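This report refers to the structure that appears directly beneath it.
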């Protein structure tokens, strides 16, 4: 009986160990990090006026929200500073995409320092965005709060 | 008496809850992350020789130091690696700006790997900077120490 | 006797304090963060098709693995997404460098979203890589697991 038990433990051990060994030897067995908690916060950072870059960042946010590992668990804030203020300009092409993000709960934040330094009229920016004292302060504070940061 | 106490608790509850509710519905009510501790550390990263980029990084550091949420609470190290070594070149335009950062307590660090790989004469770099074994090692170690990282 | 003891304490204090003071005043005395644990994990991020950038990222990974502060203590995963898929293209020049990283234990991961969105035939990518649901999800999840992230 004791022998059988040992055999079962051994068999279970092999069964449990195998994926771990396979992960390091077979790339196909590695499928990425797995979620362990029910809520995640991420700060997305944009400081470029390159429309390709801004568009990619918005697409990346949507992809993260749709990742099966994070779906319905992910809260996102987008912070724009420096040249990234272009993201929120009424003259730019991102109004619908940004409203789409906001409808999914994404906070759209702009660095007040950038606006002041560059003498930007706030009326030229979308009126549905939020302002924070500085984009850099936001990046530092959010990391200390445990948020992930993504700067595509 | 008990009733009055309950009423006070309820009133306090409404007072405390309101901003939280407003945050999610009114973008104007969101003013960014709030500081909860008295000391923050941040590692700024520069690996570009683009003078516009270097200048922006220095400006970003000054902005973070002046952010009312972080003022007098923030310790900063700037790490240059790869093309970012241009930041510390005597032939470049950043001497005064860097001395200004140093006067505010910012550590100015250069990746030794870059210097060795590129056969850079250290005499061509400012003599008031510090050297670390590798910029990438510094980035990893600082994050494990709980520092925020900013890569503008 | 008591006086001598006090003098010794004072002398020891000066001896102990000096390096700390020197660090803040003498840049040459600062040599970077020091390792405090025996295992580190880092996620390297590439989302550019610029071969100079991809090459630099691979070089940075090798430098981090060789940093005396991290040597034999560092586990690395490289995640490619967006334009960074170029890293893993058979038509590109990185096969040997990537196999070199893999031989050192580096996980080579590709964002499945990018492959799907861009209708990329997986047969055009190296068959020794791994796939994760989304690069952005990977970045967020790894940070929550305590990994450092590096985006050169």
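Here the chain labels run A, B and C in written order, and each chain numbers its own residues starting at 1.
Please note the rule applied: a residue touches a chain if its C-beta (ideal position, glycine included) is under 8 Å from a C-beta of that chain, and two chains touch if they have at least 3 such contacts.
Since we're looking at a predicted model, the values are computed, not measured.
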Fitted rotation between subunit B and its twin subunit C in degrees, CA, nearest 5: 120
Same-site or different-site touching of subunit A by its copy subunit B, using the half cut: different
Inter-centroid spacing, subunit B versus subunit A (mean Cα positions, whole Å): 19
Sequence positions of subunit A contacting 2 or more other chains: 151
Residues of subunit A touching subunit C in the complex: 24, 27-28, 30-37, 40, 42, 56, 60-61, 63-64, 66-70, 74, 146, 148-152
Subunit A contact footprint on subunit C (complex, rising order): 47, 81-82, 102, 105, 107-109, 113, 128-145, 151
